[in-house]
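First subunit A sits with subunit B, and in the next complex the same chain sits with subunit C.
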Partner chain A sequence: MNKIIKYVLYDILRSKIVVAYTLFLLLLSIGLFNLGGSPDKGLLSLLNLVLLTVPLISIVFATTHFYNSYEFMELLVSQPIRRSKIFLSEYLGVSLSLSAAFLIGVGIPVLLFAPGATGLYLVLTGLFITFIFVALAFLASVITRDKAKGIGIALMLWFYFALIYDGIVLFILYSFGDYPLEYATLALTALNPVDLGRVMVLLNLDVSAMMGYTGALYKSIFGSAWGVGIAFLVLVLWVMVPLLLSRRAFIRRDL
Partner chain B sequence: MYKSYGKLQVLRGVSVKLEEGKVISIIGPNGAGKTTMSKCILGMVLPDSGDIKINGESVLKKHLYRSQIGYMPQIGKYPENMKIRQVIEMVRDIRKKAAVIDEELIGLYGLQNMYDKRMGSLSGGTKQKVSAALAFLFDPQILILDEPTAGLDPISAEILKGKILKEKKKGKLVLITSHVMSEIEEVADEILCLVDGNVMFYETISDLKAQTQETRLSRAVAKIMNEGRVI
Partner chain C sequence: MRNPSKHIIIWTACAFVLLLTSLQAVGGTLKVCTTCEYRSVKEAVSKAKAGDVVLVDGGTYKESGITITQPIRLIGQNNPVIDGNNSGQIITVASDNVTIQGFTLQNVATSYTRDDAAIRVKQQNNIQILNNTILKTYFGIYLQYADSIVIKDNVIKGENLGRTESSLGNAIHLYYTDDVQIIGNDVQGHRDGIYLETVKNSKVVRNISHQNMRYGLHFMFSDNNVYTHNTFQKNGAGVAVMYTTNVHMEYNTFEDNWGAASYGLLLKEINNSFIHNNIFRRNTTGIHMESSSRLDFKNNVFERNGWAIKLMTTCIDDTFRLNNFTGNSFDISTNGNAQHNYFEHNYWDKYTGYDLDKDGIGDVPYRPVSLYSMLVEQVPPSIMFMRSFMVDLLDNMEKVMPSIIPQTLVDEKPLMKKIDHDNNREFVQVLRQTASAPWRER
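Here is the complex of A and B:
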């Protein structure tokens, strides 16, 4: 498997998009930390931008990469290698290179300007989001052979998780405001990895006091080691479910 | 073996037994299922039902058997920004266990001189040469060549035909799909004719000629096809 990952990584590094992505994140992080006064403020702005851009770039890059590697995969399937191996090598190649970009672009500035638990949560969240959205991108890519359609589906997924979902949640909260919704909101949060990551980082900042009852509930849950463990478990599920679904589809398709 | 793409039935009950040490040519009109059949053997396309056995063992959902197969696709698709050297090295890397490495075709086609060219910049014919060299590289027991000479210049096509005959003598099974009857006559022993996903006939060339009382293969095949009879 390592052999194939090597060639996937080589291919990705040649395209230089990942290098540009690293520089973009680096500029963004350093700029935000220098702009705001306190490191906490910088982290907060960084969180919001990271949660918007990282999913978008991960999902678009992974989808285009998958379609561009079609020839590579076709060449490999006639060789004595398992298809799942080809698929997982592609996945790891893309997600590891994007993660490396994120670690350099965001991890290092956070370590320099705002070291601490909150920063660590931010970096972990970003890494999980990368892995999750690459998995979603691969799922979108195996659903259809048409590149334009695949990218369309990928963008819809991003749009849904990054923007529409919050609107739906707000609508539910507003419509059913008379009922106790604490646990419902908790479940709704778990259904969107972007929100889950956001809540985990926010609760480590001191802004959670502004979130009312739900905030207090979140604090009591995500404040404990047990709650954090569950939250990370949910994030792992968010990686595994789309990944396994798309692997299954890839093994069973005709090339 | 059965296979359909959506509503389009490509293979409708193809059942043949192919013996080693022979060159078998798969012919048939466009869209008869020739390429689909070879892709099924390679596991690139999964049949809806039926089974494929090599040496008595089913190969469906397996992968190691492919180390015994060399495949030359109809249109070789390669990653555009990889160099010839990298493609060959990568495939060798994957098939490390191969005992014998047969670089004859690389030499005959002079591919070493082009090792640093990128696949994307190659002409169709040169890509075909790379495909051919890769197919023969690991001295496989079974060779599947999908329209091997289409796109090759006459000299290169001759080299390839010579190589096919040489491999046949070593007792290998060679499957060739082709439309060029004169070429088939030169290299093949048997002909498997597919029409609309069915086997129309599977005969040796000499039998075919005897049955139709023709001296040329192309006429013999045309005669049978026109009569539309299934042997």
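Here is the complex of A and C:
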């Protein structure tokens, strides 16, 4: 398995896209920290950026990579190697290289300019989002054999999680404004990893103080070790569920 | 003029005698200490005649229920401590023209029926309470139906750890008391720092009110008062003022009032008043105002608040000019469409317009209410979507084509550059110096 991961990593590095991604993140993070004035402001801008671009790049890159290494996978399948091993190696190869890029591009500037709990949350959120969206990309890729279709599905998924979902939830909240919605909102944020990550980082920043009753409630939930544990567990579920689903599909599929 | 030196001697003698007699008129001095004639403050006070000075030397006196019935001056030397030992009120003033100065008064237990205080004044005029330290009391200084009062340079510190709002009293509590000067006090750890009910024509200057359970400053029905150079910090719910006209609030700082229901300043039915040169920093809500009209907000700084101003539609004819709004999550939020308030020449850091004619005033009007802030006002849980990309998108769409946000709540002439109140720093310093000078010299 390690050997396959090594090959995948080597293949990814050769394509230079990951290197460009690293430089892009590095440049943006340093730029934002220098522009923002206070580290808090830098973190906030960085949060917006991470929540928008990291899922997009992860999902598009992973989908294209999956389709591009189709022949390599076919070759491996003909060897006496278990399919789930091949699939997991591919997954780990892609997600590890992308998260390494994220760690260098965002983790190091955060460590330099804004070390602390909030920065740690931001980096952890970014890492989880990378893993989650690579898993979602693989799910999209195993659904269909058509590359264009697969990328289309991946983009739709990104569009849904980054944009449409919030719109839908805001619409629901607005329509049912007469009811106590605190816990419902909490449940709804857990259903979108991007929102969950954003809320976790925001509650650790100064702005959390102004969140009124809802904020105080969430702060008490996310502030406790128990709450943070649950939140990360939900994020782990967000990695595992699409990953296991796509692995199942990959194993059963006629390549 | 045979012998001028003789005259001089006679005159000097006369002057000396006059001086002595005048001193006599002021009264004698009763000393209290462990080795003096009087060993308890109570005893000396009960023996004192009008105009006497009761001089208490350093040491701890376990006493309570001291009642002053004559116009005397009760003065502490070398910081004497009167320990009430939780056995009731410490000093009750039952005479006009009394001065209490330089004591540490401590330990008054909570008493729901008597409202015990360290110093209580009831229906007396011309009282001065200066330089005292009051620790662990139910009420600190409690005045009712009294006029011409000076409360200056006292430190009042309560203990509110693990206690509820109802089991705490106010640090300075005034009821039906006019012409008061509350200057340079440091109050903390009580229910309300300064509580004024029906207190008129008074000045509250250079006080620091912090870490109180409820409000730093709380007044009602208290017209014609001036509040300057005070700091209200980290109070449970900030400052709340109600049902009053003609208030002057200048050069005050409201900061770090955080919490689900905290305000820097809550204005309810305040009319015809001036709120100038104040700083609102890091509050959940900078100013929350309802049913307040004809207020003038000028040269204030709103910095890093959750909401800079929550302006309810019940407020009319309020003017906001030359204020700085920077780093607030929401600049203005409101609960309806009808708006009859006036905004002009403010600086908004979220303003994205341009200034072609370079006159320092933006050419495009600024609407400080965002769509999202209206949504949050109606559905509080939607605050969880703050900084979501969708929210930013909606806000920008609404900015281009306003349809839901109030049309009339608009700054037609927003400033392009932050107003540099620091340029006026010298001016402010001069003001501060005069403020710190003894009150009578001003």
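Assume the second predicted complex is superposed on the first by the 255 of 255 C-alpha atoms of A that agree within 3 Å, B and C clash if a C-alpha of one lies under 4 Å from a C-alpha of the other, contacts with A are read in each partner's own complex, and residues count from 1 in each chain.
Note that in this section a residue touches a chain if its C-beta (ideal position, glycine included) is under 8 Å from a C-beta of that chain, and two chains touch if they have at least 3 such contacts.
Keep in mind that what you see is a predicted model, and the values were worked out from it rather than measured.
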item	value
When subunit B and subunit C are modelled together on subunit A, clash or fit	fit
Cα-centre angle that subunit B and subunit C span when viewed from subunit A, reported as a multiple of 10 degrees	180
Which superposed partner A:11 touches (first subunit B, second subunit C, both, neither)	first
Partner chain(s) touched by A:60 [first = subunit B, second = subunit C, both, neither]	neither
Touching partner for A:254 - first (subunit B), second (subunit C), both, neither	first
Which partner reaches more residues of subunit A (counting touched residues only), subunit B or subunit C	C
Which superposed partner A:52 touches (first subunit B, second subunit C, both, neither)	second
Touched partner set for A:182, first subunit B, second subunit C, both or neither	second
Which superposed partner A:78 touches (first subunit B, second subunit C, both, neither)	first
First (subunit B), second (subunit C), both or neither touched by A:69	first
Subunit C versus subunit B - closest C-alpha approach in the superposed model, Å	39
Residues on subunit A lying within both footprints (that of subunit B and that of subunit C)	none
Subunit B - residues contacting subunit A, complex	5, 39, 42-46, 63-67, 69, 71, 73, 77-82, 86-87, 90-91, 93-95
Contacting residues of subunit A [partner subunit B, same complex]	3-4, 7, 11, 14, 69-72, 74-83, 252, 254-255
Residue numbers on subunit A that touch subunit C, as the complex places them	44, 47-48, 51-52, 162-164, 166-167, 169-170, 173-174, 177, 181-182, 184-186, 189, 195, 198-199, 202, 206-207, 209-216, 218
Sites on subunit C touched by subunit A in the complex	258-261, 282, 284-285, 304-307, 329, 375, 378-391, 393-394
